[in-house]
């Protein structure tokens, strides 16, 4: 399941809902991304996430479908927020549940790595040195490249 | 922080408590282990986790300390339950929070892998074919061996 | 043809959305970008370095040789930066 | 010397805890296990295959050549199986 929303989410409730009644699940791995108060030496007052409505949902659904093709998942979830967020606020939640923990770890890791390089979101940082659009990080491309099948 | 307890835990509340006010955190990775309803072809009615009070706490604290030596973690947590648990119930929670997501993923993965081969817990399955002590799985030794420094 | 701009491409172009009618010679993404550059100094500035420009046609990522037609929704944006740190 | 047994070693020995006074010749874990085997058919059965027996002295994992003394807490148990599937 995927959701793109302005509002915050309740991690415990999302995990509960995703796993309720599914007794084949041995492990659930979650990733929560938060707004940090520092970036490249500048102090962050807030960041604003812009996205491409429509394409975002299509891309996230495709990324989730790919994870389900690669690993035997009992359940999966991506929630990504947009709008203005302050340090400490949640940006993204990725969940993967599987009978076995290795599959859950790999799928969750894959989901966030691919999301970062494929989902059409852009971050504008509001820092003590002014506003700045975040540049893509080559490390994220490298992280995503691990999952490209040879 | 580590806790060994009979009672269930609230994943959302634990994550909230662990990360509250720490604005250097970019990523939180959690692993939740659940009781499955099937094991080796047998249907599980319940499983009982026995442990070695005292040594369990010492081992978990040592495993957590090792993760903190290896990765730059802002916070970490292990909660492991004991006693009788039914399918779908939570057994274990492992959390790792770090400025960067790779460190959080690796540390969380390390914590559960090492816990499985080092923390003195034993599982007795109550199945439709009778009671059975779970045997150690060579795959868990292999998973833990990945983290042994050469 | 509907063009959408996002992030700093939007601010440099000065508009989130444009309806354009490129000349008949514009048949693919590369041709479209070359033509868009001529529309204003802001456009020229936005498309100066195409290595940091990505394009989606009808919400699918495409390469510069992908065809474009009058009914397409073309989105132009920098490399994405979602997720967290 | 206090001996603790866990999991199926506890059920085979038939006891979770014993206070024992091994003969003076028992100086290490290997010697202790050999001596414990002689205490009952249950003990003999429990320690039949030492490849699935682990030992902790004073709550620390040890190897068979680790010394044991009268004041030690010795725990004997199968390979651990915590966590989830």
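Side notes on the structure shown:
Note that the chains are named A, B, C and D in the order they appear, and that numbering of residues resets to 1 at the start of each chain.
Heads up, the rule we're going with is that contacts are C-beta pairs under 8 Å (C-beta built on N, C-alpha and C of every residue); 3 or more make two chains touch, one makes a residue touch a chain.
Treat the numbers as computed from the prediction; the structure is a model and nothing was measured.
Two chain pairs are in question, A-C and B-C; the one with more C-beta pairs in contact is A-C.
Separation between the centroids of subunit A and subunit B, computed from CA atoms only, is 23 Å.
Note: centroid distance subunit C to subunit D, computed from Cα atoms, is 72 Å.
Between subunit B and subunit C, the centres computed from C-alpha atoms are 48 Å apart. In subunit A, the positions touching at least two other chains are 26-27, 33-36, 99, 101, 112. Chain contacts: subunit D has residues 83-85 touching two or more partner chains. Taken chain by chain, the contacts fit none of the simple shapes, being neither an open path, a ring, a star, nor a full set of pairwise contacts.
Taken together, the chains touch in the following pairs: A-B, A-C, A-D, B-C, B-D.
Interface of subunit C with subunit A (complex): residues 4, 6-8, 52, 56, 59-61, 75, 77-85. Residues 33-36, 39, 49-52, 54-55, 58, 80, 91-92, 112, 115-124, 133-137, 140 of subunit A are the ones touching subunit C in the complex.
Contacts from subunit D toward subunit A in the complex involve residues 83-85. Within the complex formed with subunit C, the subunit B residues making contact are 26-27, 99-101.
In the complex of the two chains, the subunit B residues touching subunit A come out as 10-13, 15, 19, 21-38, 87-88, 99, 101-102, 104-105, 108-109, 112, 143.
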